[in-house]
Amino acid sequence: MSRQTGIRVLRQRGGYGYTYAPGRKPIARVKPGEKVVLRTPDAFENKLRTAKDLCTRKCSFPFVNPQVGPIHVIGAEPGDTLAVTIHAIEPDRDYVVTALIPRFGGLTGTAVTAMLNEPLPEQTRILPLRDGFVEFNDMIRIPYQPFMGTIGVAPRIEAIGSLNAGVHGGNMDCVETSPGREVWFPVFVEGAHFYTGDAHAAQGDGELTGVACELAAKVTLSFQVIKGKTIGGPRIVSEECLMACGSARPLEDAARIAWCELIRWMVDDFGFDRLDAYHLLGQVGRMRLGNMVDPNYTMVAQIERKYLPPR
Amino acid sequence: MSRQTGIRVLRQRGGYGYTYAPGRKPIARVKPGEKVVLRTPDAFENKLRTAKDLCTRKCSFPFVNPQVGPIHVIGAEPGDTLAVTIHAIEPDRDYVVTALIPRFGGLTGTAVTAMLNEPLPEQTRILPLRDGFVEFNDMIRIPYQPFMGTIGVAPRIEAIGSLNAGVHGGNMDCVETSPGREVWFPVFVEGAHFYTGDAHAAQGDGELTGVACELAAKVTLSFQVIKGKTIGGPRIVSEECLMACGSARPLEDAARIAWCELIRWMVDDFGFDRLDAYHLLGQVGRMRLGNMVDPNYTMVAQIERKYLPPR
Amino acid sequence: MSRQTGIRVLRQRGGYGYTYAPGRKPIARVKPGEKVVLRTPDAFENKLRTAKDLCTRKCSFPFVNPQVGPIHVIGAEPGDTLAVTIHAIEPDRDYVVTALIPRFGGLTGTAVTAMLNEPLPEQTRILPLRDGFVEFNDMIRIPYQPFMGTIGVAPRIEAIGSLNAGVHGGNMDCVETSPGREVWFPVFVEGAHFYTGDAHAAQGDGELTGVACELAAKVTLSFQVIKGKTIGGPRIVSEECLMACGSARPLEDAARIAWCELIRWMVDDFGFDRLDAYHLLGQVGRMRLGNMVDPNYTMVAQIERKYLPPR
Amino acid sequence: MSRQTGIRVLRQRGGYGYTYAPGRKPIARVKPGEKVVLRTPDAFENKLRTAKDLCTRKCSFPFVNPQVGPIHVIGAEPGDTLAVTIHAIEPDRDYVVTALIPRFGGLTGTAVTAMLNEPLPEQTRILPLRDGFVEFNDMIRIPYQPFMGTIGVAPRIEAIGSLNAGVHGGNMDCVETSPGREVWFPVFVEGAHFYTGDAHAAQGDGELTGVACELAAKVTLSFQVIKGKTIGGPRIVSEECLMACGSARPLEDAARIAWCELIRWMVDDFGFDRLDAYHLLGQVGRMRLGNMVDPNYTMVAQIERKYLPPR
C-alpha cells in the first residue's frame, strides 16, 4: 500500500484468468471500502504493437481477454450483492489497439452465425491516445471515455470464458461500466471472487467490429457488500440513472432479461406495482446496446432517477 | 389553404389506410416545399376515452393504427428519395391513451412468440396532457416529446399492414422521427404515396408495453424529392446526427440492416472506405432501440456529424 | 373441362400474382369437390433455361415466384376453413432448375441478415428430370418427391409478397404440402381466394440454398369448405400425421406458432387437456424444418395419428 | 470387469459432475475398443418418485442433470477426434419421470426469454415403463426409443454447466445419440475426458416441455480415437446417415453451425466441392430439431449415405 495515497496496489500472480471461475486462489483479500489499484492488460494481452501484429498470429484462442483477479471481498457471501465503485480508469500507455478479426464482429459471418462467405480481411490498427483523445486518423478524434469491457464475479460452479457474459457480468462490453458508476453483481461464492479486464478507451454501441479502442489501464476500485440483498444480474448505478444488464441471444432476449430485472428493482426497492413499472418503462425507459458481437449479446435497460420516488 | 399561414390543410377522405399500399387514390397532390397539415387520429382511432374502453372490445383487428394518406408528392419517381421534414406535432386533444393489450408487448407471449401462459390483464389508461407534460400519475410527469410512430411510403407491390415496418418505413415506433428532423424514404411508386399516423406524445425505447402515449395530433410536414438518389431504407437527419433505420426480427438483424445502410451512406456521400466506416462505427456509432413489440422490430444506427468530413 | 376425366383445366389470365392479396378478380369460381388442374410456372417464371441464364439478369425482383390464382371457392366465408386436396403434381417439362442467388440463402449474408462479406458466386444449374429422378450429376440421383413450395389464401387486407409466408400460408417451402395430403387454411375473404405456385421436384429441409429443384408443373387439386371452423394458420393432414405450420423469425418463433396451433387442434378436435397435449408433444411430437431462407422461416409441428383418440 | 461378458463396469466416485470441465480426476482410464458399462441417474438425480415430488422442492439448481465421468480415453490428445459407440441403453428401473418446471420449456417465458406472465403450473408425472413402452396414460403408449440426452467431452478451459450444449456436445437432447450410433467429439484435453448422463426413454423433437421420459439407465459404450483428425463439433454416424450437430441461439444459428460442419465433412472426407455440397444439401439435406429449451438450442443436419461417393 502506498503511504501517500492510502490506495493498495494489487498484482496479478500465477497468470491471468481466461475464465470467470470459482475456486481459484485469490490475488488479494480486500475489505469493504478499501481502495485498490489494478493494472489490466488489453484484450490482446498487449501483444499487438504495430499494424503488422495480427491477432490470429500473435494470440492463441481461448487465451485472449486476460482478466485480473479473483479478488476476494471480505464478508461477501452467496445471496449478497457486491457493489463495485469504479473510481478511475487511467491509460497505462499512449496508444490503443483496434482490429478486424476474421469471422468475428457484428457484420460478418462468425463461428456462431456460421456462413460460407469469405471472411473480411484481418487488420490491426494502432491509434495514438493523446490529450484526452484517441486519434482515429488525421481528421477524426474520439474523446477518451473509458470503461471496463469485462467485469464481474465468479459463477457458482461454471468456469465461463472471459469473452462471454451472463448473470455474473463478464464481457458485457457496455459503455456504462465507467468511472463514477457503481456496478452491482450477485454473489455466488464466498468472497464474491471479483475479476475485471478489457479496458476500453472508447467504444460505439454494440462494439460493432468486435474490437473497441483496446487499452492497457490502471484501474482504481473499491467494494461494498450489500448483505442479504439478492439480485438477478448485473446492475449499474449512476447519478442520473438506474440500469440493469441482460446478456443472451437473440438480442431481444438480452433486452427482456434487462427490462425484467429493472422492473424487479423498481418493485423491490421503490414500491412500484409490477404492471405500473412495466407501463412506466414503456413510456420513459431507455435501452442501451452493449455488445452484439460476443457469445452473449448485452443490453442495458435504464430509468432516470427523476421518475423514481424517494427510497 | 389558409391565407395567413400559407399552410395547406389536408383532409382524409374515403377512410383511413390500414396498410401501406400502392394504387390507392391520393388524398392530395403536393408540391415539393409546400407545407401541409394533417390531423392524425391515435392508434386506437380515438375510440378509447375512459379506462373502461378496452382495446379488444372497442377495436377490431386489423383495423387499428389508422393512417392518413396517401399523399402524392409531385415529381417523385421510383429510384428517387423522398425527404420529409417534420415541422411540428401538436396535440389535438388534452390527453393521451396508453394500454396493455393481451398477447401484445415486449414482456409477454404474443401471436408470434407464441406461449401457453395466461396473458397479462388488459388495461386502458387515460393520462392528462398538461403544461407540456403527460401526467403518468400524481407523482410522475413525462415531458411532451412527440414523434410520429408510423411514417413511410407505399411499397412497390405489397400492401403492408400499418402495424408493421420495413424498408418503406411504417410502424417503426422510433422516437427519432420527431419535429425538426428530416426523414428520408426510398421512392417505390410514382408520387411516393406518403402515409403517416400513430403520433406519440412520449415513448420509451422499445415501446416496451406495445403502446406509447398515444395521441391525436395536428402534424405539419413538407416534402422534398432527391432526384436520382436511391437509398436502401429509411434515414433520419438531425442537426447532430445521421441515422439509418433497420426493421426485422430478430433484433440483431434490425441492427445489422441499420448499420449496413449507415455505412452505405458514409461511403456514398462522405467518401469513406467501407471498412474504415465499419471501424469508425465500432468506436463511435450509436444504436437506438425503436420498438421490440411490432411484427418487425426497429433499430436506428447513428453517427454524430462531428465525425464526418464536410460533404 | 375435359370430358374424359371430368377435371376442369384452369388458365391464368391477366398475369401471375406476385402477392397474396384480396380483391383481385378470380381466374375461376370453383365448387367444393370439383377437381381442377393448374399449370404453374417455376419460381423464375421459366426464364432460366441454361446455366448461363442468371437470375439477377433474367428476373426482376419483386416479380419472381409467380402464383396462379386467385381461385374463388364457392361457399367459403371468413371464419371457415378451406381444405385443399393435392391430388397430383406432375412435371410440365423434363428438367428442373436450381441456383445460387447472391445475398440469398441459409449460409450467406442476406438483405435481412445484412453483412459486409462478399456474396457467394451466382450459379444456375439445369438438372435433367428422368425416370422419376432429378439427376444432380453423373453420380447422384434425387427421387422425384414433388410438393407445392407456395400455397395459400388471400389475407384480409394485406397484399403479402409471394416470397413470404404467414398465417395465410404462402411461401412455406415445406415438403409436406405434397400429393395425397390435405392442406387447410383459414378463410379471410369471401371465396377464400386460393393461390399456388413454386412447385418443387425435390427439396432438402430448410431449402438451404434458397432454391429447390424448381419445376414447371401440372397440379391437380380440389377444395372443400369446413363451415364455421376457424383455425389459426395452415394445417396439413396426411394418412399418418396431423401437422400445423408456423412462419416467423427467428426460427424458434416459427416452431412456437406451429406447436401452439397443433395443441389447439388436439384440444378442439380430440378432447385433450391443453397441458396434457403439451406433455405428449414433449414426448412424441415431431418438427420439420420447412425453410430457413425466406422472409419468414417455416416450421411444421407433427403428431402421428396413432397417438390421437378416435374423433 | 465381469468375466462372462468382458465388459468393464465403471462406478462414479466423488460425486456426479454438474459441469463439463477439464481437470477433474477421471473415474477410469479406458483403452480404445474396451467396452464399459455406466449407470446414469436421471436428470433429477432420481429424486422424483411420485407425482408429489416437485422438481423445485426436491432439486437444487444448478445441481441437476448429474453426469457420469470423466472417463479418460487412453491416447486421445487435443486435435484428435473421439468416436464413442453407444452399444446399449437399458432401463435401470421400471418407470420414467416427466415434468413441467416453472419458467422452463419451449412454450413458456423462461429465465432467458424473460416475461411477466405467470408461469405454467408445476407437475411431476411418473410413467410406467413396461413391455417396451412408456405408458403415457391408459390410452397412449410410447415406444421405448432410448438415447443419451447429454453426452460429450471436457472443453479446453471452461467448465460448462451440464444443462448447456456446445462444440463439446453436452445437453444436446437430440434423439440421434442412440444405440447403434457412433458419436464423434473434438478432443480438447489429454484423454478427452468423456461424460454422459440424462438418458431418455423417449422424446419428441425439441424436447418441447423441457423434460423428456427421464430414465435411470445402464449404458454400454466403447471408444475409439481418430488420431490427427480435427472436427468442429459433435458428429453422429448411423448406418443410413451422417449427421452434424450445432448448438446455439437463435435456432437458425444452431442450424447454420450444423450445416457448415456437415459441408466441411463432405469436403474433407468425400471430396465434395464446397458449393456443390451446399447445392446438394439444399435438395436432399435433412434437419432434425434436437432441443429448443436448453440454454443453447440444438439442430442436427443430416445427409443420407446413398448421396455420398464411396470414401
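When the chains are written out, they are named A, B, C and D in that same order, and each has its own residue count from 1.
We adopt the following convention: contacts are C-beta pairs under 8 Å (C-beta built on N, C-alpha and C of every residue); 3 or more make two chains touch, one makes a residue touch a chain.
Keep in mind that this is a model prediction, so the values were computed, not measured.
*Asks:* Quick one: compare the interface residues of chain B with those of chain D and tell me same or different, with half as the dividing line.
*Replies:* same
*Asks:* Please tell me whether A-C or A-D has the greater number of C-beta pairs in contact.
*Replies:* A-D
*Asks:* Select the chain at the greatest separation from chain C, using centres from the mean of Cα atoms.
*Replies:* Here the answer is chain A, farthest from chain C.
*Asks:* How many angstrom between the C-alpha centroids of chain D and chain A?
*Replies:* Computed value for the inter-centroid distance: 33 Å.
*Asks:* Suppose each chain is reduced to the average of its Cα coordinates; what separation in Å results between chain A and chain C?
*Replies:* So the centroids are 47 Å from each other.
*Asks:* If you look at chain A, which of its residues touch at least two other chains?
*Replies:* 107, 113-116, 120, 249-250, 256, 259-260, 263, 275, 278
*Asks:* Of all residues in chain D, which touch chain C in the complex?
*Replies:* Residues 98, 100, 105-107, 120-121, 123, 125, 134, 136-137, 139-140, 142, 202-213, 249-252, 255-256, 259-260, 263, 275-276, 278-287, 289, 292, 297, 299, 307, 309.
*Asks:* Could you list, by residue number, the parts of chain A that touch chain D in their complex?
*Replies:* Where chain A meets chain D, its residues are 18-19, 21, 62, 111-116, 156-161, 246, 248-250, 253, 256-257, 259-260, 263, 274-275, 278.
*Asks:* Provide the residue numbers of chain D that touch chain B in the complex, in ascending order.
*Replies:* On the chain D side, the touching residues are 107-109, 113-120, 250.
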